[in-house]
Amino acid sequence: MSSNRRGLAMGPTQNKQTFGKHMGKYWQLYAMLIIPIIYYVVFRYIPMFGNIIAFRKYRAGGNIFGDEFVGFKYFKQFIGDKTFWRAFANTLTLNISYLIVRFPLTLIFALLINEIRNVHWKKFVQTVSYLPHFISIVIMCGMIKELVSTSGPINNLIAQFGGEKISFISEAKWFSTIFITSGVWQSLGWGTILYLAAMSNINPSLYEAAAVDGAGHFKRVWHITIPSILPTITTLLILDIGGLVGSGGAFEKVYLLYNPMTYETADIISTYVFRMGIGGGNFSYATAVGLFEGIINLTLLSIANIASKKLTDSSLW
Amino acid sequence: MKKLKITSLLLVATMLGATACSSSDGNKETEATTTIAAVIETQPTEEEVDLPYEYGLGKTFHANEPVKYTMYFSDASWYPMVDTWESEGVFKKIEEATGVDLEIIAYDSGDYMNNVTLDINAGDAAYIIPKIYDESAFVDGGAIVPISQYVQYMPNYVEFYNTYEMQKDLLTITRSDGNYYRLPGMWEAPMPDYSLAFRKDIFDAAGIDITALEKDWTWDDLCDILVQVKAYMVSEGMCSESDYIWSDLWCGNESGQGNGGNLLKIMGNSYDVNAGWAIGDGMRYSQENDNFYFSPTTDNYKEFLKVANRFVAEGILDPETFTQDDATATSKFFNGQTVIMSINKGQYASYVTNLDENLGAGNYELYYAVAPQGSVNYSAAGAGRLECGVMISQNALDDLGEDGFIEMLRFVDWLWYSPEAYTLIKWGVEGETFQYNADGSKSLLPGFCCGGLGYGATSDDDVDIRLQWGYAGGNFWYGHTLAEGSDAFIPPVADFVSRVGEYRDTAPLAPGLAPSEDQNEEINLIATPLIDNVNTWTLSFVTGKADIDAQWDEYVASCNGLNAEGLADIYAEVYGK
Amino acid sequence: MSMNTKPMKVKENLGYRVFTVCNTIIMVLIVIATLFPFLYLVSQSFSSDKAIMAGEVGLIPKGFNIDTYLYVLKGEFLKYYGNTIIYTLVGTVSSLLFSAMLAYPMSKNELKFNKFLTPFVIFTMYFGGSLISNYILVISLHLKDTIGAFILPMMISTYYVILMKSFFQGLSKELEEAGEIDGLSKFGVFWRIALPLSKPIMATMTLFYAVMYWNNWYQAFLYLRKDHWPVAYFLQTIIRGAGANDADAQTVSANIKSCAMVLTVLPIICVYPFIQKYYVQGMMLGGVKE
């Protein structure tokens, strides 16, 4: 995590300053940091020690750091646990298919918005498309359940065309469709912000030169717009790939939408951890799985970040 | 991090040892048999004279000095707790009667177990923890009091326990350390619930009197009857030859849990095998041999499969039953397309409402029948007489001290096990919300209604005693005698319950088993894939996708390949036979 | 906003005109698809319960009435709504303050401590405590069932701190140095110069944090008793109750549920368009550092 290497080189070199002088000059900035640092220690770092219970047996009412050391028992257990691997596979499947659907759609939507000439219409479309991003997951899932319920509008439509009503929410095979569609609905507009920003930075003279050369409209999009925003595309793609095993963002949505009938396709690692932990009281087991997931995430994201840095000279940290 | 109370197991053990029964000599085996004896003798506390409270059988518990206990409450959003419960409703009445100030910690019913689990695990549990179905996740760490060591202080509990001989039932929830950790809801006898509902008008028209037959009909008889009814319906033009007249709910993907759900459970029970919802790990107790055996590979199971399959093969039962969602089944029944469907007590009123709406009141007759016999005459209610129950937190013992703790237990005893509290919690106050009729039954006073008791509102001004004051809620109200349990039943349901009692026997109760942590783990490891396999085969056999005679051996071999015998071995080891 | 960049002359050939028409149609469809769930919800909230159960309600309310709103606004709902407003106000103010206090020093490359601080902060984005240890922490700090339990566990969002840091790094160094020459202390520079220059990012963060608190139900589920619930968790319980298949369940009426949902999203719908130019800018600055 060498975020500031470039920055440090640019800043005034103060390596030779003594500690006292440095503090004398900057003590107020350090003072500002006191509360935030205490906050991070208390609310972010101290709970990490609780992860020790992945290696120690935790019992209700026993020691909060676990009763006895059991080594990798819980890791071995979940490695041999089919349900865990099902959750692992579901996490990957849902994330990958969501990415495959969402990523090109967002890009196309951004390109289409960029083509709108009427400023007010463009602004309106953008504003409306950002709206779902701000809606709470609870309400979104509530709306989804309304829409797909057997007496909801979608099933009414099906019935009108003579089809059999489908209980979408309780059929495992429909879960990924619901998950992906609602995800696209929620993030389509929001995802275009960075693309549109990149497009607005393209020098208009490039288009003019191309027009002079006789390039048609679509050619200009293909030869100028897309190459210009390619770094943005690459970066976003890499970061998305880095988050493929992570289920943090999806937890609430899956938790609010799934049910025992759809576990088969809907249960992801974080919901499984939640059920094993809170639901089953197997906190040691749940922590072991959570730890495993955390480590994979950290690794994948680090790799993605390095790749992003190498390929596009931009990175998250 | 600030350390929480780290409860030393040793300390707990010492404290418990001091209060355990006198005959305890430290040997766990003896302890188990003494605390869960056939007859418990109530035991007074040492200084019974100057108790700061009154208690006893037939007496109202009353604390003379104010006490306050924390208690969880599972709050259902369809009858959410409101301030009036506390200010004038059920909690107020409890306080008036007992002098106990209950500090209610309400969690939404959907998250109830999650919240309670977190609190218990974090060492922050309330004293009284009701509505617990499965205590196994909490018993090892010392957060929950092994309540079996204290029940001798609870007169109402002891009275019920002794009168209805609950020992065997309690042994089923006894852990390997010889204690049980939950005060369960206890029934006098298993309460019949799930069975079959018939369109009696159509059966009558076809010349079949169900009421006369149900006493000792078998599933084969039922199948013959249904074939006859279908023939009648076809001849009358009510359906065509290709239609099914039975499409059942609680069996599909949604509610059937992939094992055939309610219907196969009821059928299997009458053939003395585990099936459907009751498949569990397949292990069943044989009274004859006094051992446990793997029931899905027995001859009884084969017989059960054959009869279940016959309903499909004869064109009676829709094979979609095992995949469809419940709404499909109910809409067919309510529209009159089908003439038989599963039912439970809670659904009876809603079936009537729906049939009234679709067919018109008076155009049909609904009959809540006793389910047929198989190879045995067991009631579909099964053998269990225990319900969810109350756990007591170790925090209560730590904070209140032994004497205060026993005082609290005696309050709990009154609230959950005395007939007086049962009536209060369920019906409210005599003269205010309900009255005793001449025949001793109870009914709500005019102007009141209660969804939970099956009293619909007759006018918009009716006050629902559950919504308004919290009576008839699910947190206190479980178990008790059959008379008490059925005091709100509408006549057809009460009639059904009594006929089941008359026509069917209660299945023998399997003895309690207390596998160790390791044995439990082993059982789960074998059972999960094994039962998946059983379910897949069972549904294939029943729906006719697999041939029972031709492929039976193949099926048995597949179960043995998944170590069904190993499972039986572990059971034998645990049971000691 | 600087996105409408190229009103330059292009040859409007036929293909392009067809495209423009198609594009407009697509946009109209997307707008409809985006708004449909909301409109459906609003329509339901004005309809009678019976019409909803029968599945007769479309985009036009059936059995139009405002009784449901009157009913909802009389009941417990207002209490939860009030809780949410308090949590959002207190939470957003403290989040903004402490995030800025962390992000500003982090943006100063000359601060030696940053070599340690930046990884210290970023690490927490990817690695955290287990559920039970977070829970025990809140209990041991005696925060359970207080506003602190709702706000503190998510008060400083590392991701937002990074966004703010990037913005602060882009501020004009000259202005800050001029401020110091004029005798302002480091803190004075932050308060008098940096913050006023940071309106876009502060507006963005206000929106993001406020939306986060407004929508949060998970902390409430973990830590708060009923009286202290925010409206989001209350909604969660009635949405679930509406689907409850309990034998004796009288489900929460669908129209009550819709009403509560409409009332809960309303403030967000009313506010977010007006901060749009800020958060678009904020996202651009911090989203990907280039």
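Here the chain labels run A, B and C in written order, and each chain numbers its own residues starting at 1.
The rule is simple: contacts are C-beta pairs under 8 Å (C-beta built on N, C-alpha and C of every residue); 3 or more make two chains touch, one makes a residue touch a chain.
Because the structure is predicted, anything quoted here is derived from the model rather than measured.
Most remote from chain A, judged by the distance between CA-atom centroids, is B. Across the assembly, the chain pair joined by the most C-beta contact pairs is A-C.
Chain centres here are Cα means. That of chain B falls 44 Å from that of chain C.
Inter-chain spacing, taken between the CA centroids of chain A and chain C, is 16 Å. Within chain B, contacts with two or more other chains are made by residues 1, 3-4, 114, 118, 121-123. In chain C, the residues that reach two or more other chains under the touch definition are 131-132, 136-137, 141, 233.
Contact of a single residue of chain A with at least two other chains is seen at positions 46, 49, 58, 64, 278, 283. Note for the complex: chain B touches chain A at residues 1, 3-4, 6-7, 9, 113-114, 117-118, 120-123, 137-138, 140-144, 253-254, 257, 325, 327, 394, 528-529. Contact residues on chain B toward chain C in their complex (touch as defined above): 1-4, 75-82, 105-106, 108, 110-111, 114-115, 118, 121-124, 344-347, 451-452. Residues 1-8, 10-11, 13, 15-16, 19-20, 23-24, 26-27, 30-31, 33-35, 37-38, 40-41, 44, 52-55, 58, 98-99, 101-102, 104-105, 108-115, 117-124, 126-134, 136-137, 141, 152-153, 155-156, 162, 169, 185-187, 190, 211, 214-218, 232-233, 235-236, 239, 243, 254, 257-258, 261, 264-265, 268-269, 272-273, 276, 280, 283-284, 287-290 of chain C are the ones touching chain A in the complex.
Per the touch definition, chain A reaches chain B in the complex via residues 46, 49, 58-64, 67, 82, 150, 167, 170-172, 260-261, 278-283.
In the complex of the two chains, the chain A residues touching chain C come out as 1, 3-4, 7-8, 10-12, 14, 22, 25-33, 35-37, 39-40, 42-51, 53-54, 58, 64, 109, 112-117, 119, 121-132, 134-139, 141-143, 145-147, 151-153, 155-156, 185, 188-189, 193-194, 196-197, 199-200, 202, 204, 207-208, 211, 216-218, 231-232, 235-236, 252, 256, 273-274, 277-278, 283, 286-287, 290-291, 294, 297-298, 301, 313-317.
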